[in-house]
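Structures given as structure tokens follow.
Consider the two complexes below, in which subunit A is the common component and subunit B and subunit C are the respective partners.
And then the complex of A and B:
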């Protein structure tokens, strides 16, 4: 039950959203489509579902070309960010909807439908709420009803569009873990759209990073985080400092070739004394000393380059740095990318 | 000494606005209506019954209520259709059509009546073809329905339109992903959300139809026992200085309208409650 997309293009009113995009999602995986807003990830999801028609390309679900088929024939479960529950129906009827609208010959009996709804209610941990109306539920409960409703028709694929986007941080955290668990139990091929890199890294088996209608990289969370294919992926997956010079004593970037270096704030080491050759001198602009991680805003001496450093609270107390003091910073690890050309470059360990 | 703090609402001016509302309603609605009942009360029950049970009066009541009801139903069906087309699709001249919907509001009803009569009269543009089919519209009860349908169009369209605009597209998409066909999506997902607005639109169109006078008198021909509506009958009685008779009929009309609107409001309250909106 794999999802295959071949050379898909789509534009809205002459704005090209997807460019010749090809993607394969293997059976049973939980995959995140990650990208900034406007990157085309939701459009891709809607194309797979059949809610939009592609301008060019093919979509193959479970080995069957469904490009010309409507949304009803594709056997997908779709969950929207804002739940899209039928607000004039109670939870029971919302979940049973997909079973009740089947053609008479394929329709289950009343009692079987009731049983299925009960099973689904216990699956999404909403037992006893069958008589409630959507307006009487919390956001997290509504999203679980939406999920149960999508699962009721036993879809081959589950597509979720920013499923936790409308929920508050704590509920989102819970539901993420719960979705992981659910996917583990059901083993249904699932694809979810998100713009939250943390969510993608935490929940997905595999991440597809989309930008401006193209795929930048596909890989496991570890792969995309530790070996980003290009500077976009690096920047998108976490906080990043950019230095317009090949920073790398280890010589992994040819100094003759113009390049840029990216360093995560926590990969920078701060001290009051000069350490090693690759040391940067900087002044402290601001200190954010709340929580276990302390963040410093620094300005490289003699330039207008601002960057961020993260250190543990413990280290911060040892250093006792304050605004306007001069410190020395040494990168532990940097990623170099050739300037403008978004090509892969190995990470470079800088030794002192 | 502790000062008692008066609980205050967020919005000030309740006393003032409520007072004004009551005075206004009394002057415009309650006092004239009570006067109507006072006048009607000058008749003894026997006299009153005699006026009401007159065959001509009964026929007028039948026609007025049946025609208004029928026109209301027609407007509900076609008003929904017009509202649907105007909100769901885009086509050249859409704004013009949208503007046309309000025309029956603005047009003097007498003008509407004269125009409708000219068009539907046996020799008129449409009437001549209907005549060939053996259907007579003008100067027949159907004419009353046509006139009432005309003046009632905007009510349903204008009450349904905002609800149609507010419908979430995603709800329909979900319905399709769950395997519902278009008819099932309309019947089970869209229609229940429209129902309260449809009932309101129907009630307004129906109520307007009951009271309509200007356009009907031209097209109906005003034949006693056949095409005479209640408002006309009241007018006739007044012209004959039969004030008590006019008020007796008016009072019955008022009570009947009030009861019907009460029932409609109850239905609407129930459908709202059933389709609890979050």
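And then the complex of A and C:
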């Protein structure tokens, strides 16, 4: 039950959203479509669901070409960003909806529908809330009702649009773990859209990184994080310091090759003494000393280059650095990319 | 000292937003006087005049065959115009709220046209189209089908005049709802009509009912457009408003006001129904949109 997308293009009123995009999602995986807002990830999800029609290209679900089929025929469970629960129906009727609208011959009896709804309610841990209306539920509960409703029709695929987007941080954390567990038990091919890299890295088996209507990289969380295909992926997956020259951090990059270097704040080592050849001299601009990780804002001496360093609280106490002091910094690791690729989306030196 | 700090600004704010008592009473008094003069006094006058010669005179005025014919024609006209315009209004609102297409603004403007045009002009348009001297007149005459000075003309004119009510009420409601719930219904396998009857309609029912009530009130009360196309044939093409005018012109005041009182009752019932629908809708809103336990 794989999802295959071939050469899909889509524009809205002359704005090209997706450019000739090809993607394959293997059976049973939980995959994240990760990208900044406006990257086209939600459009891609809606195209796969059949809620939008593609301008060009083919969509194949479970080996069957469904490009010409509508959302009804695609056997997809879709969870909307704002849940789109039927506000005039209680939880029971929301979940039962997909079973009640089936053609009479395929429809289950009242009792079977009732049983199925009960099962789903216990699956999403909402037993006893069947009579409530959506407005009487919390955000996390609504999310789970939306999921139960989508699962009621026993879809072959589960598509979720920003499933945790509208929830507060704590509920988010719980639901993430719960979704992982649920996917593990159901083994249904699932695709979810998110703009939150942490969420994607934590929940997904595989991540598809989308930017400006194109796929930048596909891989497991480890792959995309540790071997980013380009500077966009590198910058998008975590905090990054940009240096406009090749830095021979730990001998990883040949300083003779033209290009830019990226270094994550925790990959920089800080000391009070000059260490080795690749050492930068910098002044401390600001110290954020809250929590187990302490962050320093540094400015390279003699330049206007600002960058960040993260160190453990332990190391910070050892160093005892303060604002305006001079320190020496050495990269443990760095990633180099060809210069022109990086220039395309170069904004500030430091991006979160 | 600290107490003074707390009290002084509050007193200032209160006096800054409130008018002096004299001004307040003057404004409220003016509003009430205006309402009394233009709404309550005429309403009372209608009933007073209608019952001037007693209950029996009132009843017998309404039991006239011509009066009875006018009532039946009014009910028939509303009975045709309201369902048709409801169907049209729902379709137009659906189209405008859920789809993007070229010429949408033009369509919205066209829906408003009957409000913008004087009803007499709309009646004249039908005379020019279907009258014996009109564009389609000779062709209709060939088949011996009368529209002008006959019931079809009255129904047509009423349809035209009451055309915008339902669509006007529904468009903002449907636009506010968006189409996510419909998309959800379709993704769950619902067909078009299932989506409409199970998801869309329950969400807009109060707005729809409100539009229907207003449409009905206008359909029964319309004078100008109907007057032009009717021909005022007693017992045949008189609706209640036209019948009132004829009686009045004949100095038959009791009968005129008796018929007028029917329209006044219709107005009161409409207002009551409208308030009920608004109250129900507000209550529903609060059940569905009750702040969640987040």
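Worth pointing out:
One rule holds in what follows: the second predicted complex is superposed on the first by the 331 of 352 C-alpha atoms of A that agree within 3 Å, B and C clash if a C-alpha of one lies under 4 Å from a C-alpha of the other, contacts with A are read in each partner's own complex, and residues count from 1 in each chain.
Everything below uses one rule, namely that a residue touches a chain if its C-beta (ideal position, glycine included) is under 8 Å from a C-beta of that chain, and two chains touch if they have at least 3 such contacts.
The structure presented is a predicted model; accordingly, all values stated were derived computationally and were not measured.
Bringing the complexes onto one copy of subunit A puts subunit B in a clash with subunit C.
When the shared chain is aligned, no partner comes close enough to touch A:203: not subunit B, not subunit C.
When both complexes are overlaid on chain A, the residue A:8 reaches neither subunit B nor subunit C. Of the two partner chains placed around the shared chain by superposition, neither subunit B nor subunit C is touched by A:229. Of the two partner chains placed by the overlay, only subunit C lies in contact with A:139; subunit B stays clear of it.
In the superposed pair of complexes, A:329 makes contact with neither subunit B nor subunit C.
With chain A as the common frame, the single stretch of subunit C that clashes into subunit B is 170-178; none of the other options in 8-16, 134-142 or 170-178 do. Contacts of subunit A with subunit B, set against its contacts with subunit C after fitting on chain A, overlap at residues 49, 51, 70-72, 76-78, 80, 82, 84-88, 97-98, 101-102, 133-135, 149-150, 152-153.
Within the complex formed with subunit A, the subunit B residues making contact are 168, 170-171, 173-181, 184, 188-189, 192-193, 274-278.
Those residues of subunit C that touch subunit A in the complex are listed here as 180-181, 183-191, 194, 198-199, 202-203, 284, 287-294. Contact residues on subunit A toward subunit B in their complex (touch as defined above): 49, 51, 70-72, 76-78, 80, 82, 84-88, 97-98, 101-102, 133-135, 146, 149-150, 152-153. Of all residues in subunit A, only 49, 51, 70-72, 76-78, 80, 82, 84-88, 97-98, 101-102, 133-139, 141-142, 149-150, 152-153, 168 touch subunit C in the complex they form.
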